[in-house]
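Naming follows writing order (A, B, C and D), and every chain is counted from residue 1.
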Amino acid sequence: MVTPLADSGRLDAAGTARLVEHVLAGGVHGLFLLGTTGEAPDLPYAVRHELVRRVCAQVAGRVPVLVGVTDTMYDESLRLAETAAASGAAAVVAAPPYYFAPGQPELVEYYARLADNLPLPLFLYNMPSQVKVSIAVPTVVELARHANIAGLKDSSGNIGYFNACRYALRDRPDFAILMGPEEAMGEVVLMGASGGVPGGANIFPRLFVDLYEAAVAKDVDRVRALQERVMHVASLLYGVGHHNSSFVKGVKCALSLMGICGDALAGPREPFNAADRALIRARLVELGALSNEKGGAPPRYGA
Amino acid sequence: MVTPLADSGRLDAAGTARLVEHVLAGGVHGLFLLGTTGEAPDLPYAVRHELVRRVCAQVAGRVPVLVGVTDTMYDESLRLAETAAASGAAAVVAAPPYYFAPGQPELVEYYARLADNLPLPLFLYNMPSQVKVSIAVPTVVELARHANIAGLKDSSGNIGYFNACRYALRDRPDFAILMGPEEAMGEVVLMGASGGVPGGANIFPRLFVDLYEAAVAKDVDRVRALQERVMHVASLLYGVGHHNSSFVKGVKCALSLMGICGDALAGPREPFNAADRALIRARLVELGALSNEKGGAPPRYGA
Amino acid sequence: MVTPLADSGRLDAAGTARLVEHVLAGGVHGLFLLGTTGEAPDLPYAVRHELVRRVCAQVAGRVPVLVGVTDTMYDESLRLAETAAASGAAAVVAAPPYYFAPGQPELVEYYARLADNLPLPLFLYNMPSQVKVSIAVPTVVELARHANIAGLKDSSGNIGYFNACRYALRDRPDFAILMGPEEAMGEVVLMGASGGVPGGANIFPRLFVDLYEAAVAKDVDRVRALQERVMHVASLLYGVGHHNSSFVKGVKCALSLMGICGDALAGPREPFNAADRALIRARLVELGALSNEKGGAPPRYGA
Amino acid sequence: MVTPLADSGRLDAAGTARLVEHVLAGGVHGLFLLGTTGEAPDLPYAVRHELVRRVCAQVAGRVPVLVGVTDTMYDESLRLAETAAASGAAAVVAAPPYYFAPGQPELVEYYARLADNLPLPLFLYNMPSQVKVSIAVPTVVELARHANIAGLKDSSGNIGYFNACRYALRDRPDFAILMGPEEAMGEVVLMGASGGVPGGANIFPRLFVDLYEAAVAKDVDRVRALQERVMHVASLLYGVGHHNSSFVKGVKCALSLMGICGDALAGPREPFNAADRALIRARLVELGALSNEKGGAPPRYGA
């Protein structure tokens, strides 16, 4: 889930409520707050804690909520996890600390100590492009033995790594292995993976739920068709603008055009300018997510 | 296909013939010579040309033969392609030049000029871990318009890249997109990709043919089981030894133990020592590819 | 300056006072707090603010104090800069945000906005190994025009980059360009650079002051001898242990053995174990910084 | 030295002779053929061998000639070294094989075996940007013990690495350590390093000889002034065009405009177009290396 913001330093509470309902209406099986798409590392702590409390209250147990607690400051990870636990979240998720890149033995120590002290189960979050270090397969295997470590979200996009983790933990059906990039969600669930954490589900939640269900049902033709639809969305909405920020800017701009929440970004970053915004609007119309006249309910992913 | 060597600088002609028959007996749909697993950049040109001539003669049209012509020297790529054409090969394959990393416009120029002058259709070969540069999706799309560029072999392992290429060329069923890493072959063929180029097929060709056929038949359960078998083989045979070379050393050592060809490596590299060799032997026994007593025909991948 | 800690989450106030006096007694021309060696990104904010207040009070204007405000959270950078200004610091220093790697135009925007809003002059901090992005030379040149941007600390170790920045700003003697790695401090000051920010000055401040002064005096022989002494210290103290953390662990362990401050580290990291500590002790004796019997004042860098 | 080419696949023999005389007239202490600036990996072997023979004959013992034999094919390295020895070259230079990145123990084995079999002393060539692996300091130290390994050319630009090598081998004045990037030549020779291998010396050999001599004479002011001149040349000539190739294209274009040799490039690469060429011309005029009217002898680096 993206983090709806009123401005760069304040939560958009009403937008958050609308986004939660929009996504739950699409049938998702859980929510992941404060990941990379959630801009977590750039958000003030007050915003992070408020987001966790508001979303958990809004969800009210309808689906499990996972909360990203990735931080360079160990105590802040624990503090956010306390809020998550007190608010009724189901688990927390942590990428490695992202300034000093730890060695693999340091990663084992870090995660073991974190898991020892957390009030909720922990998911490992592999995100080498941002944190500079990959959680190596043997490290994942060793940490999977910890009673309070429940799974792995892999956002490396490295399919050999993902499948090696799945193979190494093939006797641990209780250990969830989730695919980050939505471009590969269908095929890995078809192969037996636990699920995915697609950022595009902020906009089109039903599309990804349908894809997941088709994959669980081993309906290959439907998986192919829906995954192609996912690629179509990605090709239209995520490549506007430049730099690493084009994905989150694209998603927030689309949600803003759909009337769900504003497009403010954390930190000093600016939302899309008028030209980029017009491009996203045109593409949402093409996707059937906006009618040509402003207003009008978005039909089910453009059917 | 690995390149069987008598010693670091001479082809093992008898071993080459045995390997070709072993792999064809497994039912493979084609052969790829002189790729990364074939140690091409470290092989003397005389060996490369002899390999192409011998394999094409041995295959005698039973399956198409693809020949890697990746080189830093443009003229040598053309010369090897001439030998490939004269020998009856079906196509050539080229990764970007691997000393000076070209920019994307330079890649377009390089491949277009190469394709203009080649006597055979060209496959692009994406191999960023070795050549430092990825053939960007728009570059692939632009080059796919060239009449003499027939497909892409992607060995990046980056599943977002692979699927983005497939999506971008979804209206070009004639443009083959092949998965390099065998760890991901099953799922991408299940999703409609053209096929794979699995190095492990040197040892267990039938396993990969069965996997391919199960994927084409959309038999999800069988794909899952066979892909798990592939991961099992990989976990036992490719991680012995150290460094980048453990994969090719493992494959050559296994083939040597199976009586197919020797384990000499190109350049100054040494094959596995006795301890590593004993480990590979034990694991081949575990895989059912060797009987416990030396000798005895390998059963069909350990059934 | 390292950050002396009582334990992973609390400042060692007495140790901080001793370290400040130790370093000032060595004659340094300024202090840099909360850089990479200061473990800033892993420190609780309360510790960062307390450190700034205590050090500025202790220094009491004897030398300028520079304060690292690098953060992923824009508002926290400003807040820490407010504390720095209120405490009498001379300037602040900021590396790029270190989770989402900005593009160069985004870096220009980020730094310009930060500099607009800071109560103190800003030094750019180039640290690509940790933050994944380098502040490109043209970006430095453009930002150097901002009235509130005063200099650059370059910790890339890339001498071509460092010298290109110096050349591009050769007409701006007011724009300070400081070398991070102590292994190169002597030579760049000899060539006219403004100075260095050597982490080893925590232990041997006089050594680096002497080196700086010899370089300013263009005393080539003395620069060579002192720089060799710096390399000798580095070879003995910074390579114990493993991983990226060996430098800061080595410095803190040495300071602890010298009776200056404890060796606790930020976050969940552990100080050196007994064996590594014994090794550092033996090497400090070899360097003349510890007498063989525990106790005894360290002689001037081992003369 | 660049490799003058008549076209992408043939040596420009007359241009080669002129370039040798131009560079020797500048007073250089040696020549390095077939390095990165020499485009070696992209050159046909016939051209490489011919270049070595012609240059050695032309030099006729006036200065030592070093010959790059970097290759992925071990036997070709030996063959080129034979030609070098037979032609009277003084030493050969080899970067690590550049397709399969070796581990450090593999590097030790590779270089030791190469040095055992070479007819000439060997210089190690550290060039991680092209070959993906750095020759680690302990590897250099170990290899420096080999009787036939005579030195190191470091083109990493990493000043901490360079100085760590120098420190580790401070008791081996016979082991030459040469700086690749010309942006740092002056300062390291001032500090006692053996010398540099500046690509810009193709155009302005005297400038670099003067810089070297000023550094050996410990004339700091003169080193500063000449190094600034080097940076000025670099800023004007090496940044035209795009991609990694802008350096070699700039140097060859300048030599062509100065009437020394043509600007053809190895492989399928194109020289600068008319616009880029005009820019280089204007800058050579600015540098005083060309008179405004075409023709006229270039004055001593623009004095």
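One rule holds in what follows: a residue touches a chain if its C-beta (ideal position, glycine included) is under 8 Å from a C-beta of that chain, and two chains touch if they have at least 3 such contacts.
Only a predicted model underlies this, so the values are computations on that prediction, with no experimental measurement involved.
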Labels of chains that are neighbours to chain A and to chain C: none
Identity of the chain that, by mean CA position, is farthest from chain A: D
Interface sides of chain C and chain D: same vs different residues, half threshold: same
Intercentroid distance (Cα basis), chain B paired with chain A, Å: 36
Approximate Å spacing (C-alpha centroids) for the pair chain A, chain D: 50
Touching two or more other chains - residue numbers and ranges from chain C: none
Chain pairs that touch, as defined at the top of this document: A-B, A-C, B-D, C-D
Chain D-facing residues of chain C, complex: 157-164, 166-168, 170, 181, 183-184, 186-188, 190-192, 218, 220-221, 223-224, 227-228, 231-232, 234-235
Chain D - residues contacting chain B, complex: 8-9, 36, 39, 41-45, 72-76, 97-103, 105-106, 109-110, 113-114, 130-132, 242-245, 266-270
